[in-house]
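Scrolling down, you'll hit the structures one after another.
Here chain A shows up in two complexes: once beside chain B, once beside chain C.
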Partner chain A sequence: MATGLIRRAISRVQVTSQAARLLVGRSHASDAKAQPVESKPNLKSFQIYRWNPDNPGKPELQEYKIDLKECGPMVLDALIKIKNEIDPSLTFRRSCREGICGSCAMNIDGCNGLACLTKISSDSESTITPLPHMFVIKDLVVDMTNFYNQYKSIEPWLKRKTPAPTPGKEIPQSKSDRAKLDGMYECILCACCSTSCPSYWWNPESYLGPAALLHANRWIMDSRDEYTQERLDAINDEFKLYRCHTILNCSRACPKGLNPGKHIQNIKRLELSS
Partner chain B sequence: MNILRPLSPHLPIYKPQLTSTFSISHRISGAFLATIVFFFYLLCLKIGLICFTYENFYQFFFYSSKLILISVEITALALSYHLYNGVRHLLTDFSGFFFRKKKIEMTVQN
Partner chain C sequence: MGASSGPRRLSGMQKQVLALYRGFLRAARSKPAEERKQIESVVCSEFRKNSKQVDRKNFIYIEYLLRRGKKQLDQLKSPDTVGLSSLSVDSS
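Up next is the complex of A and B:
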């Protein structure tokens, strides 16, 4: 906006001084007197986990070198660049590229996170592996069936015994009751937390994992839900809930900044007093 | 077509976090202290000082006498770490009980 004003002011005044010509010239993109800048490519090597079900062997880390100057800032940008330019067979899940869908969850440099939200670190090497202790379908794609089944098993929907106070209208909820759900409803089910929990690694089928338990707490704390006691009894199991030893790796791993450990402690507290 | 899918790497590649390091050290120190207590119980209460009259036993204690000091140091470290971490666990895990005692809200509509 400022350059436009300056341009109009100068053309009206018709000043042909050196400074004015420079200001006018700034609006043009091409400048014949520009010096060609010698840019050294900033190469970074990515060690990416590869395994092909069509040609099964031992999974391996394959190295790819990327010029960070020609690449976006996030790990997902690097992965897409590798897939476009170097190796189209690299397989990974991705969708929204903005950290809301949870598809691109993977283990980057030893920590779980979303590839679209993790900045490429300035180290010379990065290791990208799939989510830990999950069965690999291909390269960075893992089998999430067990994880989704555990989420389904806690019945993540509103259950009522009595009909709504005003039939056909929404069930009223006070602002303070709605505030109780903050920190739980934002979960995008990316599985970063559950796959960072060592307890979930050793008991993936019997322990529900931080994500499912966070959602269990979300429905337990919902004031509109009337099956609170039944929900608490359903998970009051030595394996489903009490495999949690408050290791708290889940809260460290969550890319959305949620705290599953705190909510699991809330469930344990409610179990004690019910 | 029956292909066994590999399991993605977990322990070898996961970066040790502060939280997981605390937790596993608590477990290891606890196991270590439990074995120490058990062996001391066996040695002092079950057998007693008569153990020193057994030749092999006395030889073993004589030749490992220099190591006793360092193992006592390690046990003291394990005990103090386990104790402090235990207190931290009590404070953080049960904070909900102390602060919310006044209004235990079970968000039941009835």
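Up next is the complex of A and C:
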């Protein structure tokens, strides 16, 4: 909500290690042949969204310069380096560093993605802001409660009317039925898709968003689930489902390569025939 | 004099803050008596402190406090929550 109030506060903070060593190494001409050639630091500046609820003012973009030669390839490596060496007050969520937990979802250079999976681009500047149109708790941490409540509202668990065919054992499912769930079960609930959808920006409380609808389809398409018609009726609502206008920003943003737009189309197709 | 007596017009945000305050006091009523006094004193002092310190036009911060307060109220309303206490840390 605060994206319209960003003001650039340029505070140049340099990583000093490489530069200082470079100056000291060249001081004596006689030692020149014994010194190994020092490489120039490859500096890149990151403009990172900062807002502190303890000293509340307007949110700002703060600049940090990082030597890419001393940093890992991913944006998360840069953020951790900034937090360790330059500014410990930088706040962001992270956990697995391998793109499976979905904690580090943020907006990098205008595109939503996971910081641990996004390579640092070779441009001289990058802008990192929190997921768009989400309430900010601090710096890059956003309030995900509405997103999680929408996921909870579609009842993402197996519901059956009849007991399992062999009680105490798993409900059998053919390989082809299990293959129908591919492309939906991998969703890690990072919220990159929902926060990239303009329709979700304008109606976050009433529209469920691509992530929740993807999971709704996952349970609708599950052959073991017997409440298919009830699930379809629950989301057959002008706001919950039909705010989707196939903008397809969701499929573009998904860091796991899933296609929520296709699955929402599947739900709409099923609603027509039911 | 010129001072406006009678009902003052409250903005939407002011109404939300008052509704939150009312919600806290109502939740406190459902708790045991000793805890109820503690809850009321903590909530009352926090709201009073914020009303004096926070600038009326700082909408972002007020909305942040409202969201935080609503979450705390939901936690307080649950029957498992017995009471609340607050700890103030001097940021110096």
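Criterion: the second predicted complex is superposed on the first by the 239 of 274 C-alpha atoms of A that agree within 3 Å, B and C clash if a C-alpha of one lies under 4 Å from a C-alpha of the other, contacts with A are read in each partner's own complex, and residues count from 1 in each chain.
Basically, a residue touches a chain if its C-beta (ideal position, glycine included) is under 8 Å from a C-beta of that chain, and two chains touch if they have at least 3 such contacts.
This is a predicted model, so every value here is computed, not measured.
*Asks:* Have a look at where A:Leu131 lands relative to chain B and chain C in the superposition and call it first, second, both or neither.
*Replies:* Only chain B; A:Leu131 stays clear of chain C.
*Asks:* Could you tell me if A:Ser251 is touching chain B, chain C, both of them or neither one (first, second, both, neither)?
*Replies:* First partner only.
*Asks:* Check the residue A:Pro53 against both partner chains and state whether it touches chain B (first), chain C (second), both, or neither.
*Replies:* Touch partners of A:Pro53: chain B and chain C.
*Asks:* Considering only touches as defined above, state whether A:Thr145 meets chain B (first), chain C (second), both or neither.
*Replies:* It touches chain C, and chain B stays clear.
*Asks:* Tell me which partner touches more residues of chain A in the superposed arrangement, chain B or chain C.
*Replies:* Here the partner covering more residues of chain A is B.
*Asks:* Based on the superposed arrangement, let me know which partner A:Arg224 touches: chain B (first), chain C (second), both, or neither?
*Replies:* first
*Asks:* Could you tell me which stretches of chain A are touched by chain B in one complex and by chain C in the other?
*Replies:* 51, 53, 56, 58-59, 135-137, 143
*Asks:* Going by the contact rule at the top, pick out the chain A residues touching chain B in the complex.
*Replies:* Its residues touching chain B are 49, 51, 53, 56, 58-59, 107, 109-111, 127, 129-137, 142-143, 177, 180, 196, 198, 201, 220-224, 226, 228-229, 245-249, 251-252, 265-266, 268-270, 273-274.
*Asks:* Which residues, counting only chain B, touch chain A once they are in their complex?
*Replies:* Interface residues on the chain B side: 3-11, 13-15, 17-20, 23-24, 89, 92-93, 96-97, 100, 104, 106-110.
*Asks:* Name, in rising order, each residue of chain C that touches chain A in their complex.
*Replies:* Listed in rising order, the residues are 54, 58, 60-61, 63-64, 67, 71, 91.
*Asks:* Can you tell me which positions in chain A touch chain C when the two form their complex?
*Replies:* Contacts found on chain A: 1-2, 5, 51, 53-54, 56-59, 135-137, 143, 145.
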